[in-house]
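Working notes, beginning with the structure itself.
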Amino acid sequence: MSGMNVPATIDQIFILFTDWVAHFFPAAIRPIVGVVLGVIGIISVFPGLFALTTVFERKGLGRMQNRYGPNRVGPFGFFQPVADGIKALTKEDVVPFRADGVLHFLAPVVLLAAVFMGFAILPVGRNMVLVDMDAGLLFFFAMGASTELSVFMAGWSSRNKYSLLGAMRAVAQMISYEIPLLLSSVVVIMVAGTLSLPKIVEAQAGYTGIWPHWYVFTPWGLAAFLMFGIAATSETNRSPFDLPEGESELVAGYFTEYSGFKFAIFFIAEYLAMFSMSGIATTLFLGGWSAPLSFLNVLPSWFWFFSKVMCFIFIFIWVRGTLPRLRQDQLMNFAWKFVLPFTLLDLFVTALWRFMGEGWARWIVCSAILIAAYVAMGRVGMFRKNFAHRRYRYAE
Amino acid sequence: MTPLAAYLMVAALLFAIGLAGALTRRNAILVLIGIELMLNAANLNLIAFWRYGPHPELLTGMMFAIFSIAVAAAEAAVGLGLVISIYRHARTTDLEQMNRMKG
Amino acid sequence: MSPIFYLLAAITVAGGLATVLLKNLVHCALAVTIAFLGLALLFLSLDAQFAGFVQILVYIGAVAILVVFAILLTREAEVPESSPAGRVFSKTWLTGLVIAAAVFAMLGWAVLQSAQALPNETAMPAVSVRDIGNALVGRYVLPLEIVALLLTAATIGAVIVAMHEKEAK
Amino acid sequence: MLGEGIIKGMLETAKNFAGSYVSKERLTTVQYPEEREALPEASRNFPILIYDGPEWEAGLRCVACQICEKECPPKCILIEKSADKKPDAVGKPQFYPTRFDIDIAVCMSCQICVEVCPFEAIKMDKEFELATDDRFGGLLHDRHQLAKSNEYYHQIHPVEAAEVDARLAEERAAAAAKSKAAAEAAAAKAAAAKAGAEKPAPPAGGGA
C-alpha cells in the first residue's frame, strides 16, 4: 500500500493503546477487551463530535444569515452544548396523559441503539474498524432501516396529530429515499466487488501521480455520490428535506411530545445518523481514510477520515443554511421521478464502464450519457409540471 | 452447538402461532401478518437445513430463503394493497363482513 | 444448546404470541417486528449473515412499515374485537386454536421422531457474500430473473390496486 | 439546468458566511447588553406619569379624572381620587390621585390611556428591562414608580415632549390671560362697585 510512509506509531496509536490495555488482561478475554475499548471509543468520540457540531452548526448558520451565533457560554460560546446538556437533563420529563407509555419510552432507546449499531462497521482509520463484517454495508443499511420503526413508534405513541403526521411523513420519506441510497451504493459495490467497508477503502487506495483513485473522480462515481448525498440528507431528515420535523407546520414532528432527556436522545440520534451517513459516504466515494493527495500521507489515517466527515457536516450545514424546505409532494416527486431513475441509469452506466475496459472512450461515453440524462430529466422531465402545479389529494 | 431439532421446533412453534393468528383474527391485516409469520418460520427451516446440511457451500437453502423473503415482500405489498382497496369499497377490514361477492 | 439460542427463541416466540394475542392493531404490528428481529438473530446464530441482514432490511425496514401504513390507512375500520373473555369460547377462536395445536403437534412429533437422524454439528461453512453473489448470477440466475419480474409485477400491481380511482364518485 | 439555482444560493450563503467575518457592517445583530441601539422616537413600552418641577408628588400632572381607567381595554389601571384639591399643571385647583397603580403584567401597551388623557399626564416609556422575580408585586407599579420627570420625558421622546410643552405653555398662557382678564374684570367691577357703593372688593379667585 502506498500509505507506508506515514509515521506508523501515530497512525496506529489507538490500536497500540488498545493492545497495551488488553495485555493486562488474561489472553482468553483479550479480544473482548479490545471490542469493549472500541465501543467505548465510539460512544465517546461521536457524541463529543455531536456536541462540537451543534455549536459549529449554530455559529455557521448564524454567519450565513449575517449574525453571530451563540457566543455567550464560555470562550466563543464553545461551552454552549454543556449548558444545553444540563438544561436537557434537568428538565421535567413530560409524558402525555393518553400516551402509550411503554412505546413512548422505548422509541428513543431503540432509535439511539440502532443508530449506534451503524458505527460498528465504519472504518475510521487504517485497521481501525470495530467489526470487519463480510456484509458490512448491508448491516449498515439494515440498521438504518430499523430506525424508521422507532420514528413511527415515537409519533404514534404520543397520541398527538402533529406527532403522527410527522412520523408518517418521516417514514414515507425514509422509505422513498432508502431505495436511491441503496442503489447508489450498489454502484460502488459493483466496482469494488465487496460489501466489506475496509475492502472498499482498499479498492480506492493508490494514486496516479498525486491524484487518488477515489470513486468520486469517475463520471458514474460523481453521479452516484451526488445522489447518495441527496438521499442521505433525506434519510437523516436534514433541511431541505426536514419536513417530518418542520417546526413551522408540525411543531417538531414526531418528537413534539418529547421533553428533557428523551428529546435530547432524539437530537443526538439525528446527528449521529448524520455522522454515520457522512462516514459511509466518505468510505464509499472519498476513499475512506486515505489522504487526498499522495504526499499528504504523512498525516495519520484517522485524521483524514474525520476531516472528510467534518467536510460533509459542513456541507450539511451549508445546505441547511441555504435551501428552503420542500413540500411533501415535491419531495416524493423528486425521489421517485428524478433520483430513482437517475440512480438506475447510473447503475447501467457503471456496468458499461466496467465492461468497456481502460481508455478514454469510456470516460467520454459514460460522462455523455450521464450529462445528457441529467439535462434531459432536469429540463423536460415530467416533474417540472408537478413542481409548478399543486394537486390536492385528501386522505380518506 | 445447538442441535438442528431445536431450530426446527422453534420454526414449528412459530408456524403454529402464525397459523392460529391467521385462523382466529378477524382483521384482514392481522391475517396477513399471520401468513408472514408462517413464511418466516419456513425460512428459518430453510436456513437451518442449509447450515446443517451436507453441502452448505452450494447455498441451496440460503438461496431458497432469500428468494422466499423477496416473494414474501411482494406478497405483503400486494396483499396490503388489496386490503386497502377493499377497505375503500367496503369501509371495513373485518373479514367476516367481506364475504359478499359484490362490492 | 446455548443460552443465547434459548434467549433468541424466547424473543421470537414471545413476539409471535404477542402478535396473535394483543388487541391493538399497532401493537400487533410492532410485536411482529420483534418476531422478525428474533428470526434475523436466529439466522445470524446460524452463520447466515447475509440472510439475517436481508431479513432485517426487508421485514423490519419494509414489511413492518407497510403493515403499519395499512393499519393507519384503514383506521376507521378498527372494530373492537369481542371481549377477550367472550373470545376464548367463540367458535372461530376455538377451531383455529385446535387446528394450530394439531399442526404444531404433528410437526413437533415429526421433528422429535427424526431428531436422532438429524445432524447435530457441522463445520462452519466458509461462505462469503461474494459466493452468494456469484451463485445468484450463476447457478440461480433464472430464479433471480423470475423474482425480478415478480417484484416488478408486484410493484405495478400494488400501485394499481391501491391507486386512487379517478373521479369514481 | 437543474441545480443552477441551488448553486447560486449556496454561493450567496458562502459569501455571507465569509463576509460576516470580514466586514462588521454585514452583521445585522448587536451584542445586546453591551451594545445598544438607540430606540426610535415612537417606540413605546408601558405608561408612566409625568410630573413637573422637582417634587414628584406635588408636580404630578394627573388630576385623577379616571378617563384612562375607564378606557383601558384590559383594565390594568386603578385610580383613587383625593378628597382635597391642589393646583394642577395649568394652575387650576384639581383633584389628584392618592393612588395610581398600573399592573404591567396586564397592560398591553396599546397607548389608549395616552390618547385619551386631556392633561398630558400619562405617557409611554421606553424602558423595557422590567423583568422581576416577583410576578405579583414586582409588576404592579404604584404612582411613585410610575412618576417620571418632564426632563426624563424630554429625554426619551424629545419631539413629542417639545410639542406637549408648547401646548401646555399655550394653555397656561391662556389660563393666565383668562385669569388676568377675570381679575381685571373683577377689579373693574370692584372699582365700579367701589365707586358705586364704596364697598371693599372680594379677592380675585385663582392664582397664576
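General remarks:
We just call them A, B, C and D in the order they show up, numbering each chain from 1.
Just so we're on the same page, a residue touches a chain if its C-beta (ideal position, glycine included) is under 8 Å from a C-beta of that chain, and two chains touch if they have at least 3 such contacts.
Note that the structure is a prediction, hence the values are computed from the model and not measured.
Counting hops only between chains that touch, subunit A reaches subunit B in a minimum of 2. Note on connectivity: the fewest steps through touching chains from subunit B to subunit D is 3.
When you average the Cα atoms of each chain and compare centres, the chain farthest from subunit A turns out to be D. Among all pairs of chains, B-C has the largest number of C-beta pairs in contact.
Subunit C and subunit D have CA centres that are 77 Å apart. Between the Cα centres of subunit A and subunit C there is a gap of 29 Å. Centre-to-centre, using mean CA coordinates, subunit B is 5 Å away from subunit C. Separating the centre of subunit A from that of subunit D, both taken as means of CA atoms, is a distance of 59 Å.
Annotation for subunit C: residues 50, 54, 62, 69, 73 touch two or more other chains. Counting partner chains per residue, subunit A shows two or more touched chains at no residue at all.
Shared interface positions of subunit D, i.e. residues touching 2 or more other chains, are not present. Taken as a graph of touching chains, this assembly forms an open line, each chain in contact only with its neighbours along the path. Inter-chain contacts, as defined above, occur between A-C, A-D, B-C.
Residue ranges on subunit B touching subunit C, taken from their complex, read 1-10, 12-27, 29-30, 32-34, 36-37, 40, 43-44, 47-48, 50-53, 56-59, 62-63, 65-67, 69-78, 80-85, 87-88, 91-94. On subunit D, the positions that touch subunit A within their shared complex are 1-3, 6, 9-10, 12-14, 16-17, 19-21, 26-29, 31. Within the complex formed with subunit D, the residues of subunit A that make contact are 60, 63-68, 318-319, 321-323, 338, 374-375, 377-379, 381.
Of all residues in subunit C, those touching subunit A in their complex are 26, 30, 33, 37, 49-50, 53-54, 56-57, 60-62, 64-65, 68-69, 72-73, 128-130, 164.
Against subunit C, the residues of subunit A that register as touching in their complex are 103, 133-135, 138-139, 141-146, 148-149, 152-153, 156, 164, 168, 171-172, 175, 178, 193-196, 393, 395.
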